[in-house]
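These notes open a run of structures that come right after.
One chain, chain A, links the two complexes that follow: it is found with chain B in the first and with chain C in the second.
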Partner chain A sequence: MNQIPISGLFLGGLTSYAAAGLFGLSAHRYRRATRIVFCAFTCLGALLEGIASLAALLNASATLISIPSGIPFLQYTFRLDPVSSYFNLAFAVVSLAVSVYSLGYLDGFDVRKPLGIFCFFYSLLLVSLTAVFTANNAFLFLIAWEVMAVSAYFLVCFDHERDENKSAGNLFFVMSHVGTGALMAGFLLLGTWAGSLDFSAFHLAGAALTPIRQGSLFLLFFFGFGVKAGMIPVHIWLPAAHPAAPGNVSALMSAILIKTGIYGIIRISFDFLGLPPLWCGLLVLAAGTASAILGVLYALIEPDLKRMLAYSTIENAGIILMALGGSMVFRSYGRPALAAVALVACLFHIFNHAVFKSLLFLSAGAVVHATGSRNLERMGGLIRPMPLTALCFLVGAIAISGLPPLNGFVSEWLTYQALLGGFGSTLSLTRIVFPVAGSLLALTGALAAACFVRAFGIGFLALPRSPQAGHAHEAHPAMLAGMGMLALLCIGLGLGATVCLPILDPLTNQLLGVGMSGNLVVHGGLALSPGSPTGGTVAPAGIAGALILLALVPWALCAIWWRRGRKIPGPAWDCGLPGLTEYNEFTATAFSKPLRMIFAALYQPRREIQTEFEVSAYYPTSVRFESEVAPAFETHFYSPLVERIMARASRFRTIQAGGIHAYLAYIFITLVVLLVFGVRS
Partner chain B sequence: MYFIYDPQFGNTMITLMAALVLVLQIATVGQRGLITTIRMFALQSFFLASIACTIAFFNQAGHLYIAALLTLVLKAMVLPYLLERTVDRVGIRKEIEPLINVPLSLLISGCLTLVGYVVAESFYHPEETSARSALGHNTLAVAISLFLIGFFIMLNRRKALTQVLGLLSMENGLFLAAISLTYGMPLVVELGVFFDVIVAVMVLGILAYRIGETFDSMDVGKLRSLRG
Partner chain C sequence: MTETLAKSGFQLLLLLLVAPLVSGVIRTLKARLQTRRGPDILQPYRDLVKLLRKGMVIPDTASWIFPAAPYVVFVTAALVGLMTPMTATDAPLSLFGGVLAVVYLLALGRFFLALSGLDTGSSFGGLGSSREMTISAIAEPAMMLAIFAVALGANSTNLSEMARSAVSQSWRFLAPSQMLAFAALFIVVIAETGRIPVDNPATHLELTMIHEAMILEYSGPYLALIEWGASIKQLVLMTLLVNTFFPFGLSSGWSVSELGAGLFFYLLKLLLLSCCIVLVETTNAKMRLFRVPELLAVAFILGALALISTFLF
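Our next item is the complex of A and B:
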């Protein structure tokens, strides 16, 4: 593999991403040509990055790429070690599909919208994401991190005519900055203790620190990265910002942008800190469990399709964090093999979630484009006008619900196995954690399935619930091609899991010093096993085969027995009363009603019914029904916090005189005092 | 003609020009006419470019020539032109009434120069000094004084345009400090700073024009009414 010029390909990919943005700026003149050139360049960039990352990953050694900047303390150093390459590979795959999709999606943009600006920030986002995953220097990392936040902010606010999008963007920006503040403090502390700002120098730098320093570093980084990862309780930007962005951007954000947080947590806890204390792993596990269960509960009652997907992203980030936390705990207990299983589950779920979540967001983008609404209650019956989009959404929905034989199943199954393995192999109190986390994960999986049955059933089946849904049209071929790629990947990663998992060996080798694929893949590459005698064994391809057989047998029986039978086509589900309309349909709100009642303590639903009548209440002239679920974190935690901060801040109002001269005087006096007293000593 | 290769001669020339730069800066504090202030800034920038050239000549620092050329073109020609055009457009040429009266301002400027020399003293290590590195030692004190007085100008004046000039002369001070200490920053940084200065002047020029239009005066004190 040494013949592949990894650094050349990598830089070529970056250049290609950047070129796309610069070409994109000419869009106000040549709209059509720009769109094609832009998408071609982003596709090329994604291809080059993908090849470079895959080659670096198979190489299993770190590739250093360095560009001198001429500025002291800053070197543009990129490092493609297995972890970086893996994340970059996942990103390249998603960005390739999204770029193909964008060729069609951008065609449907309103002509008055500034396409050039969009292209510019979109490619800036691609460049900065690549840099975040591969930066080898804390400075470069933070610069890339901030560029990523800023470009994502502009993309979220792209539809700035709507106030809710602007406030979503601001919320994202504020949360992102709070997180970045923690990261900066963390990197500066780590840099001071390690004596350098290079990631290579950070390697195991934390191992020599006292547990208190280690713990405080971990908390800073965990908070900073957790904000981006969409971890509860710092998730509030996510359900606001992801739906506000255009379809292709929300796919990128949900699939990849939140993974930058996960990437950071992995880097910190496995690479920089050496062996963090046990409570760190338990904290990650707890935060992951809370995110998974609460994320899916909120997804379940959300009528907005894209917000629902955003909540489901929180849920999946939670599952990833659960596996990661499990791995950290096992590592603290000196069980590298079990830690490797959990880490493999975490890493594989990262890739899988990137694939199916982008697929779902892309299909949601197509649906929103076709119907003009994000509200599930205004969709319905979309499977007839847009069958291929519906098929893609269905594949994504099956994958995300963790149903065999698709990819989501494999990684969630591995997570279960790792958590169950934890029960038998850890000590006293901590062992209780694992069955609790495992059962909550099981509940999460079931609720996620319910959530996507609801999304698909209400959105795509039955009769159209609005005229717009009735007049929907199939998506642009390029959009279908992008979604199709991801759907095939979902199936491929599921059926071929045994082939894909050995690719993760370099990562577990780098982070834990153990290669796991030999234990995980058993029976000649046909089945998966967690590598312990008590765990189960599963063969995704075998399940697929069984499912196909199960489908074939009834079909064949029908074909044989009913060949000469009489067929009478008629409308389904009308119970013999023809003339059903969309008003007879089950709504999304009704679907989630039982769960809203079970979890009423969490949702605190409020509903209001107003009936107007003339003669008697049994003959109402009109009924108004309003139902609302309290956003618990916003009302109970963030609003009081913001109020308290504002109250404190207003005390400092007096020094804000408003005059430029006063401000200048503040700066001037500070400067002179510092010069006289600071420099002399 | 061989005397021009003598570092001692170079040192004298640099000290002389640095002194001129400082004198021009202090004169700006007492100056009232807008156009004259702008021209004095241009002259100061010219001397600054000359200092950069001299240092480049005696230290064979090739990239300093570029910085000198940029200073000459941008700060001695383009920026004064832009500023004078703003003055023409706003149509305000009248005297500037500073917050602190002129004699006191001059006294404060003198004190700031003193502060500059005191601060620069701590950077001066005679035991390390060779003839060549001594070249710029006096200029550091001038640079710090320039910076402080520039700041004081910003603080003392009411007109947005004079504040821009104060900012620019502060930038001159930074540039002088950079070339006297390290024979200039890396060229990338230098270019970045020049770019920043142009953008700043353009933005501030527009701002000054808008303030002038909105409030019929360039007094930044009127911005106080914008406070929420």
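Our next item is the complex of A and C:
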């Protein structure tokens, strides 16, 4: 593998991403040419990055790429160690598919929209994401982190005509910076204690610290990265910002941007801190479980398709954090083999979620483009005008619900096995958390299935629920190609899990010092096991093959008995009313009604019905129905918090009188204080 | 390879043939207990053959999901059956997946069935799908806790391993954790197979039906496949209950005499479990939909107690 010039490919990819944006900005007049060249450059960049990351991953050692900057403390150093390469690989795969999709998607943009600006910020996002995953220096990391937040902000606000998009962008911006503040504090502390700002110097730097310092560092980083990961309770920006962005950007944000937070947490807890205390792992596990269950519960009642997908992102981030937390706990208990199973589950789910969530967001983008609405109740019947988009969405829905034999099932199966192993092999009372987490994961999985039955069934099946849905059209071929790639990948990663998982060996080796694939893949590459073949096996490819073979049985049964040609089309039962219309159909709100009532304590649903009548209540002239679910975190936590901050802030208004002399005085005083402080120390 | 195929073929035949029989036995026993004469035990076979020979009406509003769902339901149920030990401890395809794969494969069948309910555009279908997904979702945590408790005892999630470890200590079902887990799983199985007090398989009353509402638009061979698939699923879940908790008579090999004895004991155990189900169905009334979560909460607590008792005793 040494023949492959990894650093050349990596820098080539970055340049290609950057060139795409600069070209888009400079050639904004020729929309068609801009679109094609922009997408070609981003595809090329993604390909180069993908090859470089895969080569670095297979190489299993760190590749250091350094560019001098001329600025003190700052050096553009990138390091492709297994962890970075893996995340960068997932990113490259998604960005390749999204770039292909964009070729068609950008065609549908309103001509009045500034395409050049969009291309610029989009490619800035690609560059900064790559830099975040590969930076080897805290300064560079923070710069890339900020550029990522800013470019994402502009993309979220791209459709700025709608006020809700602007406020979504602002919320994202504020939350993102609260998180960044914590990260800066963390990196500065770590830098002081480690004596350098290089990630290579941070390696195991926390191991020498006292448990209190270790714990406080962990909390700072966990909060800062948790905001980006969409962890509950700091998730509120996510369901607002992800749907507001254009379809291709939503896909990138939900699939990859939240993974920067997960990447950070993995870096901190496995690489920098050495061995964080036990409670850190338990905290991650608890936050993950809460995010998973609350995320899916909110997704279930959401009528807006893209917001629903955003909530489901919170759920999946939760599942990832559950596996990660499990891994950390097992590590604290000194069980590296079990920790490796949990870590593999976590890492595989990261990749899988990137693939199926981008697939779902891209399909949702196609649907929103075709129907002009994000509301599930305004879709319906789309499987007829858009059969291929519907098929792609269905594949994504099956995968994300964790159903066999697709990829989501494999990572959830590994998570269950890790949790089960945790209960069986740890001895203290804390082990009761594993089955509790496992049963909540089961609830999450089943609710996710309900959620996606609702999304696909209401959105794509039965009769169109609005004229726009009736006149929908199939997506652009390039969009279908992008979605098709991801759909095939969902199937491939599921059926070929036994082939794919050994690629994770360098990661477990780097983070835990154990290789797993030998124990994980058993029976000649046919089945997966949680470390020991007797502990249980699963063979996704075998399941798929058996399902196809067994389909011969019902086929034969029908062939033997059924007299062909007796398939009569007819109307569905309409209770004797004159014909079935979209008003008879079950709605998305009605579908989630039983669960809304069962979990009423969480949702606190409010319902208002006003009936106007002239003669008798049985003959209403008009009925007004209103139903609402209280957003618990916003009303009970964030609104009071914001109010209090605003009240305190208003007291400082007196020192902001607007006089320039006063401001100059403030600056002077600050300078003096800092000088005194600097000279004394 | 050929051996696995032969075993799979045998077990598949057994699944296909025994599943309607169990439905028939339950129906007949229930009728007798209610001092009705009830249909013949073989009636389900006649129904299936009759349905398979009939023509069918496909709603104009339906897409390809509608014809695909019966196949998925049938095939997932059959595959799950091949992963479960029925007469012998080693199931033909137990390598392909254990109890977790069983749960998720059944969920795959349910996923498509619920979609087909929505596919026709009739409100009954949507109503059934919504209720089915709700009940299965709240049944899941209880089921997973019970599975954890059993899997811990066997130290494996593989069903054949579970059966083997149960055989090796055949009085283990008297342990509190096992009894509690059995009770939890029994409630879950009642809910999953759509029996009273959760759902009434005999009703077509719109206010109460769940499973029947989803499949209201099906007719002819597709209906036959769904009914057959549902009875196979019921058989598999009952098999799980009898063979993981009461492994008596499970044969260790596949020779003819061993199989005969295994089959005899297996059918006997199924008969006993059917009697239990009939008793429950006859002595209880169907619950309101919003009472079902309370029943499943009981199952959840039983499952949790089962787990806690694994490290107390």
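The rule is short, and it goes like this: the second predicted complex is superposed on the first by the 649 of 681 C-alpha atoms of A that agree within 3 Å, B and C clash if a C-alpha of one lies under 4 Å from a C-alpha of the other, contacts with A are read in each partner's own complex, and residues count from 1 in each chain.
In this section, a residue touches a chain if its C-beta (ideal position, glycine included) is under 8 Å from a C-beta of that chain, and two chains touch if they have at least 3 such contacts.
This is a predicted model, so every value here is computed, not measured.
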| item | value |
| --- | --- |
| Which partner reaches more residues of chain A (counting touched residues only), chain B or chain C | C |
| Partner chain(s) touched by A:Leu580 [first = chain B, second = chain C, both, neither] | second |
| Partner chain(s) touched by A:Ile383 [first = chain B, second = chain C, both, neither] | second |
| Which of chain B and chain C A:Leu675 touches, first, second, both or neither | first |
| Which of chain B and chain C A:Gln656 touches, first, second, both or neither | first |
| First, second, both or neither for A:Leu664, with chain B first and chain C second | first |
| Interface residues of chain A shared between complexes with chain B and chain C | none |
| In the complex, chain A residues that touch chain C | 381, 383-384, 398, 401-404, 409, 412-413, 416-417, 420, 423-424, 431-432, 435, 438-443, 445-447, 449-450, 452-454, 456-458, 461-463, 523, 526-527, 534-539, 542-543, 546-547, 550-551, 553-555, 557-558, 560-563, 566-574, 580, 584-586, 590-595, 597-598 |
| Residues of chain B touching chain A in the complex | 99, 112, 115, 118-119, 122-123, 144, 148, 151-152, 154-155, 163, 186-189, 220-221, 223-227 |
| Complex interface listing, chain C residues touching chain A | 12, 16, 49, 52-65, 70-71, 74-76, 78-79, 82, 93, 95-101, 103-105, 107-108, 110-111, 114-115, 117-127, 129-131, 133-134, 136-145, 148, 151-152, 155-158, 161, 216-217, 220-221, 224-225, 289-290, 293, 300, 303-304, 307-308, 311 |
| Contact footprint of chain B on chain A as seen in their complex | 69-72, 656-661, 664-665, 667-668, 671-672, 675-676, 679-680 |
